[in-house]
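Below: a set of structures, written as structure tokens.
Here come two complexes built around subunit A, the first alongside subunit B, the second alongside subunit C.
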Partner chain A sequence: MDLWGWFEERLRYRAAETFLEKKAVPVHRFSFTYYTGGITLFFFLLQVFTGLLLLMYYRPTSDAAYESVRLIVSKVQFGWLIRSIHAWSANLMVAAVIVHLAVTFFSRSYRRPRELTWVSGALLLALTLAFAFTGYLLPWNTLAYFATQVGTEIAGDVPVIGRALLVLFRGGEDITAATLSRFFGIHVAILPALATLLLGLHLVLVQIHGMSRPISVRADRSEPFYPHFVLRDFIVWVFLLGGVAALSTFAPWPLGEKADPLAPAPAGLRPEWYFLFMFQTLRMLPARILGLEGEQVGVVLFVVLGLILVFVPFLDRWAPRGRSHPLVTVIGVAVVLFVAVMTVLALRGGM
Partner chain B sequence: MDADHRLDPAPRVRRRTFLDYAFTAGLAALAGAVFYPVVYYLIPPKSKEITHESIVAAKTADLAPNSGKIVPFGGKPAIVLRTPDGELRAFTAVCTHLACTVQYRQDFQHIWCACHDGHYDLHGQVLAGPPPRPLAEYKVTVKGDDVIISRG
Partner chain C sequence: MSRWAVLGAGPLGGLAAVLLLLLWPGLPPTALAAPASAATPVAPPDSCTACHQNLTGRLGAPAAGMAGDMHARPELRCAGCHGGDPAKPSMEAHDRSAGFIGVPTRQQIPRTCARCHADPGFMRRFNPSLPSDQLARYLTSEHGERLQQGDRNVATCTGCHGVHPVRAVTDSRSPVFATNVPAMCARCHADASLMRPYGIPTTQYADYLASVHGQGLLRRGNRQAPACNDCHGNHGAAPPGVASVANVCAQCHSATRDLFVRSPHKAVFDALQMPECTACHATHRIAFPTDTMIGQQQGAVCTQCHAAGSPGLETAGRLRAQLEDVKGAMAAAEEVLRRAANLGMDVGDARLDLDEANTQLIRARAVIHAANPQELQTVTAQGVAAAGRARASGEAAIAEWSFRRRGLGISAVVIVFVAVLLWLKLREIERTPREGT
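And now, the complex of A and B:
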């Protein structure tokens, strides 16, 4: 028996080949939205790859973390590039996830039978933010130290279990070397394991159901996934790689000063852009709402909104029947506007 | 002559073939651009290790006859010992077999490597076991109370 026959008998790869040959992608005026998932995947893979490289030199202790990152960006050949790509790509990945979520929402692609694809995607958004939050602390610089201080303090505002959550996140009452160890473990082991599982499910579901055709699109034109769509996807990836490399070269991510737990917090401290709207909302809430602490009300509100986001496919009663109800669009636009306005207010340092 | 040329045109590279080559070359260039920095990244940066030519390894009073001491010397362990006869000697403590750190065995009265039962005499020569070569010897000088070992 020939070699390919031997492998075919064991791996059954011809089934995958047949699947790939038959797979088609709908063609219509919203087809560009199909690239958003691939773009997110690209940034994720880039994060995995550069993250593994950073692990070669990074040391996760409060004494050595900052120095090891400084070694990477100053002494290791191309270390500045790898580290900057990791930081830039992290931000771009968050942006890509948000765009992917938005186009999926507005095209109602979550409707039957893709509800679980949406749910796994919403959970992947949570994982992405957790990746960003834990990774931010790892260089152990002043900004990261205080951002983590504030961020975990907000977790302490969750009613009843807040205090326990705070201690669980920090590995104690305060941000210490224990917090760094914990965040490191979460960032490089727990989250990657969860992300691999969820992303695997997400991608399998996409293969099972194929690309969703928006409700308003009546035409059923399509093109082969391979090679037409794959090659164009690949070109997008090449441009993204070039873009990230250029950003990292011309605007390298700063390292900042080493964190000093006894130093006063620097002025103008604010979280990364994707957390700004929450930060701004919590700041603008009155100190007391209906006899409750304002911050607590805000945190509960965001937890509820997060849950609503996860269950969107089950709340939109119209989409499964092929109707794009304007109410859903209005709510979506309102959320986008709210997040945008709050972010702008926070950036302008407004009240 | 002219007629021959017309009958036998030069072989042309077809458009499709050209594009295939261009695409492959583009892929190769991309792979090169990605892996060049990665390979260089993986090469560890040169650390400024200060290699002293000599160090103060011990105080004379610390080394009783028939005893030894392991000290760091240029980033690697060295063994300085006093023979039962009272003579001071120093060797590299890296076993020539598989680079374990050797020790002075007072009961054997010679140097011994625990990993694979290698025995060296008090001149670093192999007595028994797997080590293929003797231990390199260092020069020992005594200056006041200090036992100084040096390469040489």
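And now, the complex of A and C:
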């Protein structure tokens, strides 16, 4: 018995191989959208790998966090590359998740029997944003400090439990060393554990149900998932790796100035680009709406919209019957336009 | 403008009157402070304010001004300085048997104020940290001595502190607030007609405004910078003599003073009875010191005493050259660090080295006062070395930048190669007919 035979007898891996070979990926004019999931997975894996390396030097205290990141980018061999890739890849992963969600939405891929695939994906989007939010504070620089202050204040606007949420997030009334260690714990332990479980579920469901064919596509051409689609995915991944490396080399992620809690907030402070639409919306809302505080109404609205997003497969009554109803498309386009316009307004320092 | 107004006493010389009352023998300060022990003093009848607040001009101004006066407290009030009995109605309050004195004379003012302010026990009730030696110092001052000789033009308490209202020194509206002091002194000392009898110049204020001290205090708001009183004294104001100028400067510049004392200049200056610091730095128009003050070139202060070709001037040239060595090394390092930073490289640690070089340069500029090239060399060598480290770090950062780009180029080749291999493999698989098809 050769070595592979020895493993086969114990692991039965050929069963999985056979499954993958028999699994078919539809081939049509929208096939490129199938790569968005793989791209997201690539960035996630890159985050895990670079994050583990950063953990070896990063120190999560308000006294040492900034200095440890400075050490990483200035003294540690290739530390600058690892840290820059981690920061760039984080942003690209958020973008990839959003694009993946958008193409899944517009192709109605969430329809039966993939409702739970969508739900787990939507929750993964929330986890990705939580990863980004908690990770942003960790270098303990000025922008991160004050952006986190603004971000956690938004949580404080949630009616009834807002104050409790704010204290829970910050580990007290203000952004302090307690906030930093809390964010660090969430970023490197709690979120990865949750993400691993959800991502595992998401990938298993994708394998069980396969790729969804858009409603409008009638042709039934397909290709094997393994090795055809997997090899194409790898080619994309290889180019992405080169792209992230080039970004990190030509535009290293800045470290900024160390946070000084006693200093005034810098002018033009705003959150990272993926939170800008919320930030801008809350800014533009009137102070009072129907007797309630404008920001509170806005936060409640975003929470409701988030819940609607999670339950989209159960709200779209037409998709299970094989219909792409224009109303769903119009709502999707309206949301995309709203997010885009608000983001642009915020970038331009709008009202 | 009346002389009183020029001196800041106001048309009534009001506080003078208030303070004079305190000096009146029949009214001890302790008597004035009787209600002070009460937690919340109850305001007794006050016919002074009742009448004067309805008057206009010089008779109404004190009542209006007292609202912002730090002495406006129930246990003092008008009668606390002017005497009289405020419990009596109308003009009956001007009761000379109750110590009414009206407006105190200029000669009376210092002792009027001192009635309370020279009594530590009394003052402790209001401000335990306030000194109580103002009168003693004043009497030793140029102002105080002349006042005792009958000169009515000199400054007294109210001339500087104002009157009705008298504000706390920490109140920015007070004429003796740090940033207001130069202008307050200049009201008299920049007045040529007022100063003519004394034969003293009136350019001090203009000189001070142009000086490093004046710029620091008045333009940049740095209250560490000295005003007139920081050098001349407050209540004991007097011009420092030749022998004490250095002591005055050394209140702040103590390290520089120590260096000068052990320099060869010290004995010579003493022998020639030259003022120390001001010989090179001037008096009120103290310019921001620059390195051009040192050396053999025209305009250097060293040339004021040292002849061309003399050993002293050659030493000055060496001192200047050592400073230039540090500055040159720093400029070279700065250029390299700027280039590295423009390339996006982190040069934070190198900046610390450059800061260290700058610290040594500042030290060196102080050590110049020892006029000892060997001593200066120990400092400038450290500065040059620190700047050298900064430059080396900057050059390493630039080299690292080049390495990264080369690395990226090699990576790009490898990535394209791997992608091509994968694509070729995919092509091969796609061309191979699948089993059963």
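Quick note on the criterion: the second predicted complex is superposed on the first by the 345 of 351 C-alpha atoms of A that agree within 3 Å, B and C clash if a C-alpha of one lies under 4 Å from a C-alpha of the other, contacts with A are read in each partner's own complex, and residues count from 1 in each chain.
As a working rule, a residue touches a chain if its C-beta (ideal position, glycine included) is under 8 Å from a C-beta of that chain, and two chains touch if they have at least 3 such contacts.
These numbers were taken from a predicted model, which means no experiment stands behind them.
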Task = Return first, second, both or neither, reflecting whether A:R232 touches subunit B, subunit C, both chains, or no partner chain.
result = second
Message = Let me test your reading of the model: by the given contact rule, A:L285 touches which partner, first (subunit B), second (subunit C), both or neither?
response = neither
Query = Looking at the overlay, what does A:L53 touch: subunit B (first), subunit C (second), both, or neither?
reply = first
Task = Once the structures are superposed on A, label A:I331 by its partner contacts, choosing first (subunit B), second (subunit C), both or neither.
result = neither
Ask   = After superposition on the shared chain, which partner residues are touched by A:A246: those of subunit B (first), subunit C (second), both, or neither?
value = second
Ask   = Of subunit B and subunit C, which one touches more residues of subunit A?
value = C
Inquiry  = According to the stated criteria, A:I82 is in contact with first (subunit B), second (subunit C), both, or neither; which is it?
reply    = first
Contacts on subunit A seen with subunit B and repeated with subunit C across the two complexes = 81, 238, 241
Ask   = Within the complex, which stretch of subunit C touches subunit A?
value = 344, 346, 348-349, 404-405, 407-408, 411-412, 415-416, 418-419, 422-423, 425-426, 429-430, 434
Query = Given the complex with subunit A, which residues does subunit B contribute to the contact?
reply = 30, 34, 37-38, 40-45
Query = Taking the complex as given, what residues does subunit A use to touch subunit B?
reply = 53, 56, 71, 75-79, 81-82, 238, 241
Task = Spell out the residues on subunit A that touch subunit C in their complex, using ranges where they run on.
result = 70, 73-74, 80-81, 224, 227-228, 231-232, 234-235, 238-239, 241-242, 245-246, 249, 251-252, 255
